[in-house]
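Should a chain be cited, it is by its letter among A, B, C and D, assigned in written order, with residues numbered from 1 in that chain.
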Amino acid sequence: MLPDVQGLPDERGVALDEVGIDGLRYPLLIADGQGIKRETVATVDMSVSLEAGVKGAHLSRFVEVLHAWRDQLDATTALSLAEDVRTRLGTSNARVRLSFAYFLERRAPITGARSFSEYECTLTAAASGGANSVLLQVRVPVTSVCPCSKAISDRGAHNQRGYVTIEARPAVDAQLWFDDLIDVAEASASSPVYALLKRPDERHVTMAGYDNPVFVEDMARHVVVAMRSDKRIARFRVHVVNDESIHNHAAFARLDWTVATGDKDA
Amino acid sequence: MLPDVQGLPDERGVALDEVGIDGLRYPLLIADGQGIKRETVATVDMSVSLEAGVKGAHLSRFVEVLHAWRDQLDATTALSLAEDVRTRLGTSNARVRLSFAYFLERRAPITGARSFSEYECTLTAAASGGANSVLLQVRVPVTSVCPCSKAISDRGAHNQRGYVTIEARPAVDAQLWFDDLIDVAEASASSPVYALLKRPDERHVTMAGYDNPVFVEDMARHVVVAMRSDKRIARFRVHVVNDESIHNHAAFARLDWTVATGDKDA
Amino acid sequence: MLPDVQGLPDERGVALDEVGIDGLRYPLLIADGQGIKRETVATVDMSVSLEAGVKGAHLSRFVEVLHAWRDQLDATTALSLAEDVRTRLGTSNARVRLSFAYFLERRAPITGARSFSEYECTLTAAASGGANSVLLQVRVPVTSVCPCSKAISDRGAHNQRGYVTIEARPAVDAQLWFDDLIDVAEASASSPVYALLKRPDERHVTMAGYDNPVFVEDMARHVVVAMRSDKRIARFRVHVVNDESIHNHAAFARLDWTVATGDKDA
Amino acid sequence: MLPDVQGLPDERGVALDEVGIDGLRYPLLIADGQGIKRETVATVDMSVSLEAGVKGAHLSRFVEVLHAWRDQLDATTALSLAEDVRTRLGTSNARVRLSFAYFLERRAPITGARSFSEYECTLTAAASGGANSVLLQVRVPVTSVCPCSKAISDRGAHNQRGYVTIEARPAVDAQLWFDDLIDVAEASASSPVYALLKRPDERHVTMAGYDNPVFVEDMARHVVVAMRSDKRIARFRVHVVNDESIHNHAAFARLDWTVATGDKDA
């Protein structure tokens, strides 16, 4: 019988918030917005809290539990996975974070040409006995045209790729998925971006963007207004960054965790 | 009718080796070693040569062609994809490079516990009319124990994660796939790494590694010897890097493109 | 006179926590532990809060203020820089974050051979009128030997490079600098790492590490114990990660913001 | 006396092109275009060739040699450093590659406001007894406006940040420094980028860019024409990438190593 070093007592009296594994790449089957399972590649972090008196966590159990759940992950099963981790590790709290490429087939705005757009999504599930919770995060590429550059110039306006990141905690019993957040993020920008645009599409995107210039501040505020009034959302935060085309640095705007209030007239 | 700016003439007399798209993330179905299609997430680069007299390449066609082939990619169809790119863009040469996570289910060496190991693979196909060719590249994580540290110390030996990268051009009509290169890379190290090891496995890997210490030089040479005598391989190169555990920098060894000679007794 | 689009009113009623620039690379002169100015390369984030009624922040002013202070940065002047940002942008809160390579000359443990060790440091200064504050963060590379692997194996033990990240808010009027945090981080591990080790040094580091095996949990707790009893520290958090040599993923331990209590006997 | 494992014979008959260290971060003093030494942070790779009969290279000697030269690096001394590496390691070939942030103070085009622009530079020195050589590489951020988007749209045009990478081998006895290559790269684009632009500058950059649209192909060809006719340059290659603002992927153009021919009328 091999000694169990992790199970030894620890005398220092220091509980830790998280002990776990980080950066594991794993093939997962994750439900899309229609509930259809799609295989993708995830980067996985999993952790548990560690009470003060125990030397260490048994990290190999994380991968065992993940392997058992890997072919059926959605918001509900991710919570079951986290709860399994908590039970198997014998701790108070467990957290599972799955970051993966999420693809939606898009049609170019004029020609209708089909291609996939990639969105970086993260599904986080936390189990702590009673109070379990899920977080959804999306990072959505967009394009933005600068209102200042347009206003002060006789012609043209600088524009660039930007990324809108939204993290949201769904309200109790609410149906919320990544597609909902992606829609909000894309609507906040001068235009979505596409993997495939033919010339009539490029003309459309160029002019539509020019006609709808937005600062990072505008994009962040658009998201805030949309999220605040959505009854499916309990809390959210937003971060928008623009890879400025006239600078070699970025511009950003950020709102930290905010309570959504649902219908403002209620 | 929108003007075709890319199709305009260019007077500078400068042909370009490659014009294309880079960093496109796309969902692809790629055959595994048994020919079974697996969905994965690829980072895609596609390019064509550009003759001196033409202003630009029509980049949107790359994504159209990729979209048509995305659900049936292996060494043969990747060449067809490259050939389609060449034809659609009307150029002399086309190149397609697909980099993706490739997973193999592994069993822990003692307990047999199952988990997936990830390998970063790249499939490159080049079409130039007559001389089409494919390249396979793998980047394989391993562990290595330092022979010097072991020899000069009374106990212990520093060890670390390393990465063995092999790129190979298959011989004509040879059957060669990523699994073959992964096997060579893992055999070159002190031990493979695993996503899941139980305690008896960890004991085994620790001692097996300690009993088989290798420098980056040793790993590179092991690969070279194995590749040189493999009749399925026309040319190859190898790069090994160790994320040294006693330093904050890496050690590496490299052999550039080398002709494999097949059976050395022939 | 060019229009001031940023200065326009905004009707949406959404204040933002931060608007600013991100990822600016700049040459800065930063004081080392002896107060001597050293030129380094920083990645700079700067932001201000934005009140609900204003459309945008004037981002170019950030770089103007940074340029004026760039040759004289320490904990005190970073606060002056943040305060200048706040005043120039006319806002309630301003934050400046400077991340840079910080080098200390180290001597190998036996031969005394000299080389520089690099530490990734971040100095954050926040100004909000009355309550200004500074944060110091270090990311320190170390080596760790696994206690479990050592205990269950007849010979050898897996070990790897790890990174100890400590973030601390100094107590009022306390003298605290990066060197202090680096010392705590290095003492938590099986051994520091070095850019230059001759063979007698490598023997020493190998055996010293083997004799002092630590989990990520142990390193985190070592840091916590040291920080908790340090009167110069008001609050801190710690994150330790090991790039496991037998896995292709990392192990980590984390304690979130914790109040230091100074002398525990007080 | 500790055993010299690296010095042992190797029976496999495999010479290696490079064995060395990779990713070492070090503080270096590097001459700017006026020969003035500036302290910067470099990422250093150093290697030697390894003959077939020797087991390994003594990697610690790399850092010893670098430490001795670190405060006096330019094109000439980098060659001396490489030659010292070759001699100290007792090999046929040695290569040193220093990648670092290089800053130039720039003035905004209308207001003259001062700020630093960062350029990623790499100085490579190779020593092989007789034939020593130096390579200079720069990666220069720029902005580019799309000629197609402008031509097909009634208003506006998409634009984005791009990066022009030039690598050049100077002709024998030629004076060539990073500043020369940076000038070529910036002139190839729609406009340079700046860390600091006031509103009159932003207006200027916006309209100047709109009036000078270029594809990645145009930028690459501009560089080729400029480099081909420069007598100070023996060989060069160029790579241009645009972070397309209407897509979530990049466009690129590339010309591989090309002989410069000096004065075309000669």
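We take it that a contact is a pair of C-beta atoms (placed from the backbone, for glycine too) under 8 Å apart; a residue touches a chain by one contact, two chains touch by 3 or more.
If you're wondering where the values come from, they're calculated on a predicted model, not measured in any experiment.
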- Query: Does A-C or A-B have more contacting C-beta pairs?
  - Reply: A-C
- So which chain is farthest from chain D, going by the mean of the CA atoms in each chain? A
- Query: Between chain B and chain C, what is the gap in Å from one C-alpha centre to the other?
  - Reply: 36
- Separation of mean Cα positions, chain C and chain A [Å, integer]: 26
- Query: Between chain A and chain B, what is the separation of their C-alpha centroids in Å?
  - Reply: 29
- Task: Give me the residues of chain B that touch two or more other chains.
- Result: 2, 24-25, 118, 148, 152, 195, 197, 199, 203, 247-249
- Query: Where on chain B does chain D make contact in their complex?
  - Reply: 2-3, 5-6, 10, 12, 14, 16-25, 44, 47, 50, 55-57, 59, 147-148, 151-152, 215-218, 220-221, 224-225, 241, 247-256
- Task: Please give the residue numbers of chain A that touch chain B in the complex, ascending.
- Result: 2, 4, 24-27, 38-41, 60, 63-64, 67, 100-101, 103, 113-116, 118, 195-200, 203
- Would you pull the chain D residues touching chain A in the complex into a rising list? 117-118, 141, 143, 145, 148-149, 152-161, 191, 193-195, 197, 199, 202-203, 205-207, 209-211, 243-249
